[in-house]
Structures are given as C-alpha cells and as structure tokens.
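Just so it is clear, A, B, C and D label the chains in written order, and each chain counts residues from 1 on its own.
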Amino acid sequence: MTVHTAALRDHACLIVHGPDQPGIVAAVTALVTRNHGNIVTLDQYSDNPEGGAFFQRVVFHRQDLTAAVPEIEADLAGALGPLGLDWRLTDQSVPKRMAILASTSDHCLLELLWRHRRGELPVTVPMVISNHTKTAEDVRSFGIPFFHVPSAGPDKSEAEAKILELVQGNVDFIVLARYMQIISEDFLDAVGVPVINIHHSFLPAFIGAAPYRKAKERGVKLIGATSHYVTKDLDEGPIIEQDVARVDHAHSAADLQARGAYVERAVLSRAVQWHAQDRVIRHGNHTIVFN
Amino acid sequence: MTVHTAALRDHACLIVHGPDQPGIVAAVTALVTRNHGNIVTLDQYSDNPEGGAFFQRVVFHRQDLTAAVPEIEADLAGALGPLGLDWRLTDQSVPKRMAILASTSDHCLLELLWRHRRGELPVTVPMVISNHTKTAEDVRSFGIPFFHVPSAGPDKSEAEAKILELVQGNVDFIVLARYMQIISEDFLDAVGVPVINIHHSFLPAFIGAAPYRKAKERGVKLIGATSHYVTKDLDEGPIIEQDVARVDHAHSAADLQARGAYVERAVLSRAVQWHAQDRVIRHGNHTIVFN
Amino acid sequence: MTVHTAALRDHACLIVHGPDQPGIVAAVTALVTRNHGNIVTLDQYSDNPEGGAFFQRVVFHRQDLTAAVPEIEADLAGALGPLGLDWRLTDQSVPKRMAILASTSDHCLLELLWRHRRGELPVTVPMVISNHTKTAEDVRSFGIPFFHVPSAGPDKSEAEAKILELVQGNVDFIVLARYMQIISEDFLDAVGVPVINIHHSFLPAFIGAAPYRKAKERGVKLIGATSHYVTKDLDEGPIIEQDVARVDHAHSAADLQARGAYVERAVLSRAVQWHAQDRVIRHGNHTIVFN
Amino acid sequence: MTVHTAALRDHACLIVHGPDQPGIVAAVTALVTRNHGNIVTLDQYSDNPEGGAFFQRVVFHRQDLTAAVPEIEADLAGALGPLGLDWRLTDQSVPKRMAILASTSDHCLLELLWRHRRGELPVTVPMVISNHTKTAEDVRSFGIPFFHVPSAGPDKSEAEAKILELVQGNVDFIVLARYMQIISEDFLDAVGVPVINIHHSFLPAFIGAAPYRKAKERGVKLIGATSHYVTKDLDEGPIIEQDVARVDHAHSAADLQARGAYVERAVLSRAVQWHAQDRVIRHGNHTIVFN
C-alpha cells in the first residue's frame, strides 16, 4: 500500500486483461521470472472460468528496470499478443501527472492537494483549472499552478478548447473535483486520458435538480458519494469507489450537503489513489479494483 | 432502549404531533406532572421553529397507569385539541400485535421470530401468513401460528380478502418480510394498520427486474436495504431505516444477493423494533425516528 | 445541527444536570416559557429513573436574549438551586474560543482550521501553540496567530507556564491536536478550562510504545481513534467520540498509522463540534452526548 | 465467493507458505499448469520483499481431481520442499467437518447452524457439544447431533477428556460459540485441529470481569467483537476478523451486551466461512486473510 514513489524504484506494474484461458497466470509469471523480475504482489481475477474475462495485476522488482523495459515489452508482445491479451507496463517510481478541474467548492480540491503534499498520492499536479477564481490563492499556497478558464454562457466549446490546450500532452489523467460543468463527448474524445468524477448519491437515488432537498423530503437515513470514470453517459460511467454516511431527521438539507462533502472527499481520494497506483481496470461499464 | 415489556409496567408513551408554536413542550410536561407522571425520556423535534411541524415523544412512569388512562386522555384532549395537535397515548407494557407476511425467503422472517424469542422486540406474533408452505415448519417450531394463503394467478383479490379476514382486529401492524406480492391500494385502505416493508437498495438505485444483475454490471461497491412504510406508491413510502454492506468485483450477482439478505434482516429488525416502541412518527413522506 | 453562529442570534442553550426527581422537565420548560423563550430542541436523559442522575439540554429562542440573561439566570438560581441541580446558560450566538496545541503532525490541526474556515465549527481560534515550528506557515495562512513554545528537556514546567500565560483568560477550551507532550496535573488544575485530546485506539488496545507495530504483529483488522477530555489519568478521561477504519494484513505499520490519521482527524472534529455546541455533559468518568 | 461445495467439484485449493525468494509464484503456477490445472483465483502476499515471508493461495480447476491428487502432491513435494516452503492441498468440494462448543447463549450457535442450512458455510456439522442442555432442542431441530458434556467443579479434565473422545478423528476444526469454559493447554495439544473463538472487544479494551459494566462507566461509543484462533495465551491468539457497532450513553450495560451479541455472531460467521474456505493462513501471532 505504500505510495512513496521513491521507495518504488525499479518496481514495475504489469496489467494483463483479456479472454480467460488456461495457463495465463503461469505464462505471465514465467515471463516475469525469465526477465529477472521478482514478484512483489500479484492479484488475479476471472469473471467466469469458462469463457469469461481475465484480469491480472503484477508488481515486480527488476534491477535497472528502466534499461530493461524495451526488452520486457518485446517479450510481452510476443507472449501475450497471440493469446489476444491486452497488457500495460508502467514504472511505479514515475508518478502520474494529474490535472484537477474545480469550480467554487474546495472540499475535494484541497483534500487532494493536501494528501499529495503528505506523499500519499503517487502523482504530480501540474495544474489546477477552475471556471472560478475563488480557490486560486489556496491552490497556489500548495505551490501548484492555477489557471482560470471561465465558462459562462451556453457555449462551452471555447472553454473546453482552452482546457484541452492546457492539459494535452501534460497530464496522464484528469480529476473533476466538484467541477460543475458538463463535459462534452467531443472533449472526452479529444483529451485521450481518463477522467475521474465524484458525485453525490443516495439510497434510493434522486435524479435531477435539488437532490438534497428531495432526499430530505423522503427522509433518507444515509447519504453517499460515488466516484466513477466519465463516459458520454453523464454520471453513468464505471464506478471506482462508493461510501455513505449516516444522517437523521434532525439534519437539514444543508446539513446533508455538508456531511455529503466529507464523504465525497474521502471517496474521491481513494479513487484517485487507486487509479494512480494502477489498481483499477475498466471492463465494460464496471471496474476491477485490486486494492 | 430496554424492550422487555414486563419492565415497562406503568410506563406510558405519549406522541404529540402538529403545528409548532411557543409553549408546547411546557404544556405537555406540565400535563404529565399534574397527572402524577414522572418523565423517563423526552425527545422533541421541530422541523422549522417558524411555522414548522412539531414532534414530541415522552415516556413517563405513572403508578396505576391503567386506571388513570381515561383521565389523562381527557386532559390531553382538553389541553392539546385547541392547539391543533394530534396525540397518541400507549401503554408501553402492552406489546403490539405483529403479523408477518412472507414468501419463500426465510432470512427476514426467522430473524424477526428469533429476536422476538430473545425478548428484544416488544411484540406478540399472532400469525405468520405466507403464499408458500416452505417456511411452515420453521415458523411453528417457534410456537407461532402459520397460515398458508396461496396467491397464484393475476387476480390477487381473493388472497387479499383472506389475509384481511385473518388480520383484521387481530393485529396492530403488518410486516412484509420479503413477501413477493404487490399489495393493492384497496388492501391498504381496508386493513387500517401500518404496513412495513423491506427492499434492497443500491447506490445508484436500479429500478425494475434483476436489480442485482444490473448492480453487478455497473460494478457497485455497496449494496443496501431500505425499510419503509407501504403506501400506494410502491416502494416509495416513508423511510424508517437504511443500511449498506461493502462488496467488490469478485462478488457474483448471487453473492450480492446473499450479502444483501444480511443487510435486509438487520434493517428490517431495527425498523420493526423502533415502530413497536413508538419511536417512529410519520410526517408527509418521511419519518421522525427518536432512537 | 446548523453551526453558523449568526443564525443562532437570540438562541440560548441551557444545560441542567443533577439528581433525578419527578417534575424537573416540567419545571425547566415552565421556566423557559415564563421567560418568553420558545423551545427549539430539548434532549433529556436519566441514567436511572430511581435515584439516578438527570441530564437536560434545551435550546430556546428568546428575543433580546442578551438583555434578558440576568433575569433568566436569577430565575434559574431560584428554581433549580433548591432541587440540587447544576445549570449553565450559554448564548449560542457567541462562539467559544478554542486554543489548539500541536506538535509536528498536521492532520488534526489543519482539519480543525479548515472546518473552522468553512463555518462548520462554532468557535474562534485565537491561537495555535506548538512545541515545533513546522506548521507555522500553514497556520498563519488561515489568518490564525501561531506561537512557538519549545518543550525540550525533562522539565516541562517552563513550557507549561508560558502556555498558561498565553491561554488564561483568552480561551474557553483547549484542543490537543496530536500534541506529543504529557500535560501535568498542575497545568490542568491551573488552566481551568476543558482540554480535549485525541489518541489512537485498537481492538484490543495496545498500551505503551510502538502501538502500530504491536497492532501489526497481532494482525488487527480495525484501527481506531478516541477523543476524550483530559484528566490526571493519562488517556483515561471521559470519552466523547470514537470511530474505526478497516485494515488488513497487506497494510504495513506505516499504512496503519496513515489510515489512523484520517480516523483521528474525523473523530476529533466531531468531538470539538459537539463540545463547542454544548452537546457534551461530563458525568463521572463518562459523557452524555446529545447529538 | 460462492461456497456451495457442489459447484466446487474438481477445484483444489493450494496454500504455499514460507521464506520469500524470487520465482516462487512462477514455480507454483508452472506446477499447476503442468498438472493440467486451470487457475481460478490466485492471491499472493509477501510481508517483506527482502527476506520476508511469502504466502500464496491458488484455487485451480483440474478434471478428475481426486485421481490426480497423489501425483500433484508428489510434484509439490519435489518442487517446493527444496525451497523450504510449506504447502497444503485441499479438495474444495469436500466440506470441512466443524464441531461447535456452546454454553447457554444461542446467538452465535444458531447463526452458524442457520448459515450452514442456507448453504453459505462449506462445512458439515457432525456435532454440537454444550456444558448445558438449554440449546439441545434448537440444535436437534436443525438435524444436528447434540451432546451434553457437563463441566461443573474446578477440575475440567474429565469434561475435556469426554470432548476429546467425541471430536478426535471426527472433526477438522472446532468453534467456540460463546463456550464459557477455559480451554486447557493440554486439550489444545491433544486435539490437534484449529480452534476458533469469539470474544467481545472494546476501544479501549477492558480486561477482567464485567467488561460491559466497565465499558458503560467509561462511556464507550463503540463495542466490538474479535474472532481469533485459540492459543495457550487466552484470548491473545491470531485475529481472524473484527467488527464494531455504535452505541451511546442511552444504552444500558445490558443493551451493550445485546448489541454486542449481533456483532459477535456476524464476526464469528465470517471467520468460520473464511477458515472453512482455506482463506486464512496463520503466521506468528497474526493471520493473512485472502478474502
């Protein structure tokens, strides 16, 4: 679980994913061994032993990893390609570059910046982008660049174009930390990196405007939050993490919202950590999380 | 929290409910005192100090309560009627009579019977009614009468008529312990006692058939259960209690369902206990729960 | 639950505490009414209806509260004194003054400052005192005065004297936000205000040095935190709040500690909020928390 | 997670455990493959990549498993013995035989019997042994043999001898489901199978008699339960599972105990399920749980 990237020198993470078939685990572990890697952790899951999908995450130590990567990748391509398996090899000592998009709420934004400063998120934060200026000073006090990209009016294409310009080539994933703008399908297609979102959720779910008021009227006893990958279907993408907090009749709608904020920052932080550690594999509209 | 009704001899529970206004708490507590009652617990809630609704639950000890009830009720009518307040006085040593309706699943049914036997639910159970015979032997091993009322075919009116015949005048509330039949509005109108239901719930909610399969496809990380009063809007009545359990990608849809069963029995048990102890006040489409 | 003190203008909180006896609730509510107060919330608890202790918290609205306080207090003294009851009347619109003592860890300290800035804690923070300088810049970025009081060497009396000088008359309570110094009994006697502490806790508890290592060796599955009032018996004072987080064998002792930090900041925040809202009544070595 | 043993025909579970060294995972997976096994799940953990201990659990499917076992075991002995590794191969379709020891409390006992009847525990229950007769009828209503072994007086050796006679050769593990007798070291040595216990636990822990009263006096906000393997150090053995429930000042010591009972039955049930599925590996005084 350690996330300090310095301690992860010469550690590689290998994700393998594809149609299940006998012998995959043996093939992959043999490959790691013949490339002089020592397996530190291995997680494996098959959603159906007969004709299902196979998922594996292996972290292994290999001295002089950087130099060996091309050779290992060639071996992977030769060994796993014919089996129809996708694979992805990452150097665990290289932190992922994360852009944060926010609006006026600071609870998710500051929690991410603070956990990053504590060394608990294996990321760098090249930029925070907001359609408001309210959080600028706080962000810069963490030594993080802040960019203001206003997003007034119904046409969001100009704002999205500016954001694209800022992030393309500069980040490995984007986090919507209570960014109160709908992301267009065009943007998602163009940006080419995963986008993680956080939204409130209730049992039962309340759709549309004023969810906290509706939850209050129905008298829910739990409020929650869901972090998921953004897809073209708004708020319907693969779930990474969820959690809830207990409430009762004495909480006002504003109290529900305040309490929900604490669930949101915790859930988003865990989702970001697991994504940054290559613990999350997307498959169809759900995720495999090896945590 | 003690539920042993024997220990509650000479204890009355008074529920007061209506438009908030200055002085209600003082008026009620003065009334209890002048009727020689000693307040054991008092819970009070106002959803808006200005023009909102007021809710109060007082448990008080009064020697020779049974003899004094008519006098106390007359005092309540005189004192609270003019203020437009509803009230309800119950003798805490008299357990409520609970009918349980079940189908083939036994997890909620047996949990209720078992907690009842342990003396943790202040109820009597005059009958269990089921549209199947599968649980008959188990129910009778608890010394509880079991009635089989089949419910085949699209027309449920005959079955509902039989159930009405069994419960009317004999029970104070009904619990649907995974009773897999839709209750008609006519039945609800005719039965005249509260009906408590339990249903699964997810974040986000999945409506319609095969909810566990849909939850699995979306990769939810929590599954839950909601207990609520039944109204004509199926599964949309006032919520009494909710809870969740954690799941992950390695759980099959069947695993989700099995784990959900444990949440359901715990949530329904708490809802039944609180209802039986007069801790739940319905208001609009939500509840005030003094627990 | 709203904590914005501006919204609490003309709201008083009355705590009554002492030997239980018939008629206390009626006497208190009558007193509030005859002083033109309208009860907003009332919580009451008796630990034993026969010869036990009685606890009550009433929040009431009274126009021009400030002017009326002397008169209400005189009425309270006259009415409750003869019954042997202690009472305490506070103006809810006056935030309590909280000093925070910290060492090098910032997780509890920053969480309190951040919740305070969000308007979620009804306090002012006149000062943060630390035996280290590590957090000085962060604290001052919140606009809060920071004082460095070194505490090297075995004799803590000089440091404690300086702290006393800073806090006496200036604060209403003190929070030890991971302040890694033992507080002397003399200091507690002299300071005359409540002191709230946070410490880790485990199931089962591990006493002495290196608790996280011991917890790891025993393979605990939960780690927790306890917030309590400080008494002369180190870490044995009345508990205000507790919570836990789940861990497993894959967590290192350092991981346990990191995860414990998140439990600590949440538990301490709730304890501080409830204390600041006069929701906590001390009695013997435990607390009554009306939350 | 499926536990129905019928569905586990031809599934083997292999546990490997010993000093970590490069290539173990590859060696084990290659062995499975050359023995015509197809890996269904693989969990692996190393407590320290350098000089630590290694733990692996592999479930694999092998047609005609029963016939192949001797050959696979010979291969395991040849391949893993020289590496200093312990291993254990079990047929997942063969349920473990579980004896339950109980006294007068039925909450843990009945929960285990009921989960067993639902097909959620991969065990058979050849016997329940109790030093009281109170639960005899309930046990037998599940079709389970009940044996009464009284244990009065200070000398427990006779009772333990009788229990030994009943269980030896007939069971694979023993569960103490609130069996209120201290187990002697001699018994543990003689019985030769794992013994699982459940006990209450608190934050902080209260040792000795009347723990619930002490917990009440200190005002704990959480009560919990711990399930562990029994060792000669009473209640100090390796922890398998733990959980807690929330309580408050309004709960009496009896309420704490009643609520604790629900935590106990849930925690013990999970511990038993994981043990029966070979998910728990003991190491030193802690456990690795692959769940």
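To be clear about the criterion, a contact is a pair of C-beta atoms (placed from the backbone, for glycine too) under 8 Å apart; a residue touches a chain by one contact, two chains touch by 3 or more.
None of these values were measured; they are calculated from a predicted model.
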item: Pair sharing more residue contacts (C-beta pairs) when B-C is set against A-C; value: B-C
item: Same vs different contact residues, chain A with chain B, by half of numbers used; value: same
item: Furthest chain, CA centroid comparison against chain B; value: A
item: Centre-to-centre distance between chain C and chain A (centres being mean Cα positions), rounded to whole Å; value: 37
item: Between chain B and chain A, distance of the C-alpha-averaged centres to the nearest whole Å; value: 41
item: Residues of chain B whose C-beta touches two or more other chains; value: 41, 45, 250
item: Residue ranges of chain D in contact with chain B within the complex; value: 1-2, 41, 107, 110, 114, 118, 120, 141, 250-252, 254-255, 258, 262, 266
item: Residue ranges of chain C touching chain B (in the complex, touch as defined); value: 22-26, 29-30, 32-33, 38-46, 49, 61
item: For the chain B and chain A complex, residues of the former touching the latter; value: 45, 47, 201-205, 216-222, 224, 226, 238-239, 241-244, 248-250, 284-289
